[in-house]
């Protein structure tokens, strides 16, 4: 069984198409792995029957030669994606019994391409968090260290932990300020946030509409390319979706980076960044130079202000996006004699502390008398941040940064919300600018925890992002496996 | 408050002096689209509860708005018809508040950058005068759903069929000075909307509602504190509500009180306004640009193409009617109120006496329809038939008096006037010998009166005409009767 | 990280909680107030940035708002719309009585 789990997505797909293995075998191996690693708490819902049914259908297509790009590949879905007839909670108590009657565009795209659903993956409540600790059903454990309970990162903590623990061949995530890239970094896997507009947001529980973007969490860059090929695409149901055709990313895996210019922003090596991360960052720069890239120091002067701007814009949008959870049409209602009391109790009990904090912040910054000072100011700073990137992309093709300032931390250790927010300091700027970014594992720190490096490309240059990430991946040769993988 | 009837409309005589009303209107017009502003559910009226509701309207998690092109077009069309500035870039904002029939927890509206800016509209007043009312802006927004409070003693029932239906909010400047003016303004806006087909203007079904902002001041003073009367759905209520609200405010101010800026409801049973009970906390709508939508942009050439398709509007039509048909400006303003009237009139009056046609249409036809409780479209008399009637009068086939008889028959039988005239033998008698016979008969029957008349009692002439007409059953041509009588009684 | 003293106090927190329709237990109010002050103090860093003559950026997408044609393409799904409702009756959502 465990040889099946050793195959990455691209390898498994090849084996399926060559009929070396069947989707049913592969899916069963993953279902067993899910049960073996259940103590990690990555899954909120396992849909075994449906997985087996889908795997059998895939096997038929594999036999009759009508296999689709992801035929028979068992994957996990972050609980932010609405899945038809499968409970979707966004890791929140307020949606504890919500069963969508519809399927999100991104997951539908995956099923249309033959993928098999294993279940729904835990995340921070409404994707608000960087440690997966705000999930209503409790935190997920990072599979890397057996002796310590470490955070898988967040908000796509369940997705990252499942891929690292090999209880999903790949997973979907959503990234608002780093929610794919940061947990990917913490769990030693690859996480790709596409350009804003690349994947439809239709059917994804909204956190911050101008920032939310779906993307894959996978073991390798090629796996990410294959997943994003299926996930991306124009959707008329999402007005912010980009009406552009993304080229087949699999054609860009081996393009190399000769002559490409890579920017190293000076603002990303600040105090507080771990030494081990700096070491591997430098090593990554050297490797890319050796592969023929030109390394150019650049400056993104407003980087420091990205996080404060983000913590105004995202909560502001969230405060409005989460107003619909009022206990009238769905969700866990708390009965009361008046409508207003019902709202207050339903929302007061249904949302966790972090979500409530962000709703409060968001309401405050939009409220009369504060709008200009906070919200409008943040939007202006957002423009400056975007312009920083635009200026730099006149000179370079890609930007290389660390994914996070530190590696994973112990669960329960970061109580101060503000300290927690600092996790996203390197991922938030690209989010505000809507740019595609990928985090890939480059090494382990002294305690054996993975380190992630982030590559940021210009808008809609996912092909180039894949080529470059692939070069770094190959040259660094990261081949460690998390302790928590079921043997 | 007393003796308002002797004052000019819009004025209230108080103990301390004369008060004047300052009124601004926000008209909410439902766009006549098939589907909603941001979803593909039907915008039709009167369906079963929650039938015309999509997952977007019910604000299910992850649902997103996509804008209806037709609705954008109607807003631009209306803007052009109001001589207003069209903003080629506008922005949708979220207006955040909690309410049971507002599923998203916000209404998508336009706050700082509406699709249409300043414009103006010429309003015809009841006394035949005209006034110009400024338009502040027009924006697109979503309607809310419906809460039913009478289905259960402790529960409210929510129907989302109207949720997300496209509305245009047309905001006037505070240029209106009397309840009657407000009524005329709404009439004019409704007329324009119906001409261009942007809204059916049906106030009973709620397709057109108005919020009225009312304040009072002494002439020449600054504007006073205003109150907003919500959701008035008939012109009569608008007039009543404004009058009663202004009187309430004057009463408070005259007794040394101050006006609280607040939202009020009009109670149709008492004819008075009352404060809304649910206003306990001040609203803070936290408007911000809807991040699910992008700025609404269109090109100047798109606006031009809409402009070219615009039908002739009431003001220009009115001028043309006065010029082409020689009717009074007052009559013309009545005829252009509705597109259907003008079309009817132009067909009926084509090649005929315009003034006579206008009289018959406005006085007789409108009067008869009102009496029979019929709408204009239900009229038993077609434009062709009314025109024919006018021709019959003009060419002397029938007299005006007979025409009235024919008209009431037309109302009943829907027959053409010539058919009726023929069937009943109502043609006018203009033959001299025929009429002379009648005259002779009248003279021989009234010898005494003839003597009196010849003796100088001139007034009796009318009596003889009447007798001759009576004898002819009204068919004798009165002109000829007059002429021949005069000759005969010399 | 600049931490301005007190930006919000408990009464302000009450007001914001009310606007947000969030029931906050009395015992949690002070710590929530402290958290909000820390966060608002942190974001106040933006005051350092000169944003005069800078247009606010609401969306990073470069395209225009796409239009949909006016067709009835949705609805007639009362069962799906009401399926997750905590309370419904004869086709309506049901809530505690609202007083206008």
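The chains carry the letters A, B and C, assigned in the order they are written, with residues numbered from 1 in each.
Please note the rule applied: contacts are C-beta pairs under 8 Å (C-beta built on N, C-alpha and C of every residue); 3 or more make two chains touch, one makes a residue touch a chain.
The structure presented is a predicted model; accordingly, all values stated were derived computationally and were not measured.
Visitor: With chain centres defined as mean CA positions, report which chain is farthest from subunit C.
Guide: It is B.
Visitor: Quick check: more C-beta contact pairs in A-C or A-B?
Guide: Looking at contacts between chains, A-C has the larger number.
Visitor: How many angstrom lie between the centres of subunit B and subunit C, each centre taken as the mean Cα position?
Guide: About 42 Å separates the centre of subunit B from that of subunit C.
Visitor: Give, as an integer number of Å, the spacing between the C-alpha centres of subunit C and subunit A.
Guide: The answer is 23 Å.
Visitor: Using CA atom averages as chain centres, what separation in Å is found between subunit A and subunit B?
Guide: Subunit A and subunit B have C-alpha centres separated by 58 Å.
Visitor: Of all residues in subunit B, which are in touch with two or more distinct other chains?
Guide: Those would be 55, 58, 66-67, 98, 100, 154, 156, 158, 284, 286, 291, 293-294.
Visitor: Would you pick out the residues of subunit A that each touch at least 2 other chains?
Guide: Answer for subunit A, listing residues that touch two or more other chains: 98, 101-102, 210, 236, 239-240, 319, 323, 326, 328-330, 337, 339-340, 343, 363, 367.
Visitor: By the touch rule stated above, which residues of subunit C touch at least two different other chains?
Guide: Counting only residues that touch two or more other chains, subunit C contributes 19, 21, 58-59, 61, 63, 65-66, 68, 77, 80-81, 87, 93, 95-98.
Visitor: Please name which positions on subunit A make contact with subunit B in the complex.
Guide: The contact residues of subunit A facing subunit B are 82, 88, 90, 95, 98, 100-102, 104, 201-206, 208-210, 236-240, 316-317, 319-320, 322-324, 326, 328-330, 337, 339-340, 343, 363, 366-368, 371, 375.
Visitor: For a test of understanding, state which residues of subunit A touch subunit C in their complex under the given definition.
Guide: 97-99, 101-102, 196-197, 210, 236, 239-240, 242-243, 302, 304-305, 307-309, 311-312, 319, 323, 326-333, 335-345, 347-349, 351, 356-357, 359-361, 363-365, 367, 374, 376-384, 386, 416-418, 421, 432-434, 459
Visitor: Over in the complex, which subunit B residues touch subunit C? Could you list them?
Guide: Going through subunit B, the ones touching subunit C are 33-35, 39-42, 48-56, 58, 66-72, 91, 98-100, 147-149, 151-160, 265, 276-278, 281, 284, 286, 289, 291, 293-297.
Visitor: Mind pulling up the subunit B residues that touch subunit A in the complex?
Guide: Where subunit B meets subunit A, its residues are 55, 58-67, 94, 96, 98, 100, 103-106, 154, 156, 158, 284, 286-288, 290-294.
Visitor: Using the touch rule from the top, collect the residues of subunit C that touch subunit A in their complex.
Guide: Within the complex, subunit C touches subunit A at residues 1, 8, 12-13, 16-17, 19-25, 32, 35-36, 38-40, 42-49, 51, 54-63, 65-66, 68, 77, 80-81, 83-87, 93, 95-98.
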